[in-house]
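Common to both upcoming complexes is subunit A, partnered first by subunit B, then by subunit C.
Then we have the complex of A and B:
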């Protein structure tokens, strides 16, 4: 039975195909359309998923959209009815869009399927937004039973939910409802600190370690109420999203001493302190929520999904607190993962199909490598048709070559296997570099990724050696947990580093893996094991053998605002535009000096804009 | 590796070429790509990069597939619309011609200069978008500004708080989620009704709904129906009750002016007739009064006056038609009024009352639904009419409200006697008197259908009245086929008894013809030949 899950129309649209409960394919639309956080109907992703699964024109049994659009519309109308006559402009922008597009999503999907030669699916489902998230958290997890926590901006009405899963059944127990949303609270600070809502949240999280939590009390006193059970109430007198386009309003600005930071302007200590403060508040709420989830479900494991579950600092704290024995977080925790969750929801929850727990280890996500992959033959055809010089190397040889290049502080662009599903590059579409280099963070940010200098990089580490580098987190396959670098590896930082220029601050050496040690000695860890990603495991092993370090920098293969590369041509384009020295396309290896000249006709900023 | 020892290279600034792969020590198994033609430096660019052999169907999916349509389809639709507009006539015709011209020009342009046509199409599309936005604003913005605040107020009053904006003191902000069975049941729907949360005060909700309905109703009754400003009545020792003098009220459809003698007349009058004027006194009930849905000039009394002055006003002749009438009057009320005020020195008195009025006793205003003082609220008028008067309808007659046929017959007899006495009394002070019985809709329309007044209660009453009147020397005219073939029921009658504008118009002409035929005094004053038959032949409307 083929079930196609779809998420779309808000941000990060995606499609996922499952067959008899097995995940066959899943991808975000942005990988095809090359528009970051593409929210449009995932025409490319849907088509690719069906093609990848060799689904015939009349073999599509069900289509599942990841939320209930009309319930969302009623929430919108009810919200306007509580703020009117304010909010007219927002109403005039929002409601026609609903009437034109979002209210007809089922028809749009059918139309697209018809265009691409598919008959109308036998069944159409619309589970609720947080059911989709919860399903994406629990059903692919390795747990027979677990507590479930989902948290994001807002679904239909729910913003945060707690539930439990047992076998092939899940149930949401309580929910925190709009507008009292931890996700929207975080987005409000994202907006106020000059980053883009729905995409800049992870920047805010990366900025937090530079600041001090000086605003925590003000946030707690004025902006919200937090109960011991983790439930929150936001004082809407300080927020603008009920009746306008802005997340915050003048009262919020007065509370924090001025208007929002203008995008791309210099970051100041204030933004850093705000980032730290909201991070502290978020962690507190998430910890309380996790404790409450444990209390009301009685489960020993936790599954998480939703945009807030991408806050890997908070995730790391939940794990370290020991509230649960184990925590599993959906790698595509944002709305993209809703496509997968929606499909799994129908398979298990609606149709009552069992989960094959014998296949549950390490989990059902196949290492999140669910997107398009390319054979060596396809790569060769691409290279030859463009006259691109490259060398074919078998795996062992390639890995040894890469280890050598990495040791020499070369930057390697890696395309191998199937594209990741979710926002993180997990070694299938990654840029790798030597984590031991002190200046690598600044170099990668400014010369390769062209992004803000403060942003940290994550390490990938052989799982079996993770304990040598990190205090407590020793299994983090999807880069969703943050932990402290082992104290024994850390060096004392300059006492006055807060007074330094941002680049100098970042470049301070804090450990023997400085490129992945953030200013607070933390690291967003990805552990690599043979089960999930054997080829990346081999590269790390080769590097380990050569240098004694089983650890590298891993960052997504893209420039700022560009979706992570998908195809060899995307990868080649990024390779030629940036400071990447070596490009690996499966077993084909390209070095920059060998390449023909490259003529940019326009800047990448023009092509992708700024996120 | 020692920390911070090796400076970072900037490859983009000038990378050093590495050794060719085949020269590597371990390069025995290396394989090079073999491009057919090595590209020259600077040859590749983001645009020139040829994509590999993948995503064929994805690319197809992105291609916008417009449904192929025959080139004549849009012109045909345009012409059909334009043709329809032309067929509508009037100003639509101009729009139709403009539309047809546009279609012709665009069709021609597409055939000759497709690029120019595309530009025009884009322009029209932008215009259409703006038009759509404008229309959206015109429709949605007022709706938002009206419904939104009302909904907000209502929610607030009933204690609802759907966004929990005022729930900050709650011990917990979690709410119970829907049961999973319900969710699964609704999983095929795009909409799932939300469970209602507690905290609503349904009694308040009901009260607010009632209050809102009351206020909205008051607004409608006041500004649409004008019920806050009803005609006022007063008791009268002679005629039971009459309209209060000196009233002037504007209703949604008409204007009612009441003069100093409670007549529906545009100016005050005196019992003394002005010199040189031919005065006609019309006595009647609500059918003469004409209802609040007419202006004075639209009633048949007003029309008779106007037309007499138009048609026979040459040589300084003036005609005055004074209507004394009150809603729900019967013959005894009319008799009382004449007993007190006489006939106002009229040259001709016309009693224009339907025969059905004979069953009305001489009740006071208290027995009617009519208002004596101005109500504060329009609802008071409705309350008086619908509730209070509803239980007192016995007082205003109607045969079926009497306890028995005998009682009803007694009243009919009293009414007939009232008419006879009225005629006799008028004759004492007025040279000429005429009795006219207005056909009711039931009679009139039956007549229209060719079944004459068979089975009509009014005809039965008329048949009782006429012999008595003849005995006393009066002839009651009952033009039962007057409206036959002259309009629909809706055009002629406002309700079962009262005429609409067209009905008044027809009846006015009828009355004039009757005056010409019957009144020798009128013919004399108007300078017309004193031969009723000749006149009737020459002056029929």
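Then we have the complex of A and C:
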């Protein structure tokens, strides 16, 4: 039975195909359209998923959209009725958009299927937004039973849910409702500190270690109440999202001493302190929520999804607190993962099909490598048709060559296997570099990725050696947990660090792996095991053999604001535009000096804008 | 045909929503908005020049 899950029309639209409960394919639309966080109907992803699964014209059994558009409309109408006559402008934009597009998403999907030669699916489902998130958290997890926590901006009405999953059944029993949302609170600070909502939240998280939590009391006293069960109440007198297009209003700005930071202007200590303060508040809320989930469900394991579950600092704290024996987080925790969750929800929850727990280790996500992949033959055809010089190397030779290049502080762009599903590059579309290099963070940010100098980089580490580098987190396959670098590896901080220029501050050597050690000695860890990613494991092993270090920098293969590369063509363009020295396309290896000149028709900034 | 199918499904969903939630005022508001939208849509499709008046 083929089930197509779809998420769309808000941000990060995606499609996922499951067959008899097995995940066959999943991808965000942005990988095809090359528009970051693309929210449009995922026409490219839908078509690709069906082709990848070799689904015939009359073999599509069900389509599932990841939320209930009608219930969202009722939320819009009820909200406007409460704030009227304020909010007329946003009403005049929001409601027509629903009546024109969002309300007819089923029709749009069926029209697209018809255009591409598919007959009408036999069934069309609309589960709730947080049911989709919860299903994406529990059903692909390795747990037979677990507590479930979902948290994001808002679904239909729910912003946070708590429930439990047992076998092939899940139940959400507690719900925090709009507008009292931890996700929207975090987004309000994202907006106020000059980053883009629904995209810049991870930048705010990365900025937090530079600041001090000086605004925590003010946030707790004025903006919200947090109960012991983790539920929040926001004082809407400070927020603008009920009746306007802004997340915050003048009262919020007065509370924090001025208007929002202008995007791309210099970051000051104030933004850093705000980032740290809201991070502390968020962690407190998530810890309370996790404790309450443990208390009411009695389960020993936790599954999480929703945009807030991408806050890997909070995730790491939940794990280290020992509230649960183990924590599993959906790698595509944002709305994209809703497509997968929606499909799994119908298979297990609606149709009552069992989970095959004998296949549950390490989990059902296949390492999140669920997107498009390219064979060596396809790469060769691309290279030949474009006259691009490259060398074919069998795996062992290639890995030894890469280890040597990385040791010499060369930057490697890596395309191998299928694209990752979710926002993180996990070694299938990654840029790799030597974590021991003191200059690497700054070099990668400014010369390769063209992004803000404060942004940290994450390490990939052989799982069997993770305990040598990190204090407590020794299994983090999807880069969703933050932990401290082992104290024995850390160097003492310069006393006057806070007075340094940002670039100098970033470049201080804090450990023997400085490129992946953040200013607070933390690291967002990805552990690599043979089950999920054997070829990346081999590269790390070759580097380990050569240098004694089983660890590298891993960052997404793109420039700022660009979706992660998908095809060999995307990868080659990014390689030629940036400071990447070596490009690996499966077993084909390209070096920069070998390449003909690159004539740029337009800059990446023009092509992708700023995020 | 496909459009008609989804119009009827929408109408059914709105009525079901109102019944389940005992929210008949909301049903009336949604029907009013849908009516306006359909009117505008029909005007745009049948005589595009009318649409320019809006």
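Please note the rule applied: the second predicted complex is superposed on the first by the 611 of 611 C-alpha atoms of A that agree within 3 Å, B and C clash if a C-alpha of one lies under 4 Å from a C-alpha of the other, contacts with A are read in each partner's own complex, and residues count from 1 in each chain.
In this text, contacts are C-beta pairs under 8 Å (C-beta built on N, C-alpha and C of every residue); 3 or more make two chains touch, one makes a residue touch a chain.
Bear in mind that the values here come from a model prediction, so they are computed numbers and not experimental data.
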| item | value |
| --- | --- |
| Touched partner set for A:231, first subunit B, second subunit C, both or neither | first |
| Touching partner for A:96 - first (subunit B), second (subunit C), both, neither | both |
| Partner chain in contact with A:114 - subunit B first, subunit C second, else both or neither | second |
| Which of subunit B and subunit C A:106 touches, first, second, both or neither | both |
| Partner chain in contact with A:322 - subunit B first, subunit C second, else both or neither | neither |
| Subunit A residues touched - subunit C or subunit B, whichever exceeds | B |
| Subunit B and subunit C contact sites that coincide on subunit A, given as residue numbers | 70-71, 74, 78, 95-96, 106 |
| Parts of subunit A lying in touch with subunit C, wherever the complex brings them together | 70-71, 73-74, 77-78, 95-96, 99-100, 103-104, 106-107, 110-111, 114, 120 |
| List of subunit C residues in touch with subunit A within their complex | 2-3, 6, 9-10, 13-14, 17, 23, 26, 29-30, 33-34, 36-37 |
| Sites on subunit B touched by subunit A in the complex | 1, 3-4, 6-12, 15-18, 20-21, 26, 29-47, 49-55, 57-58, 60-62, 65, 136-137, 140-141, 144-145, 147-149, 151-152, 155, 162-165, 167-168, 170-178, 180, 183-184, 187-192, 194 |
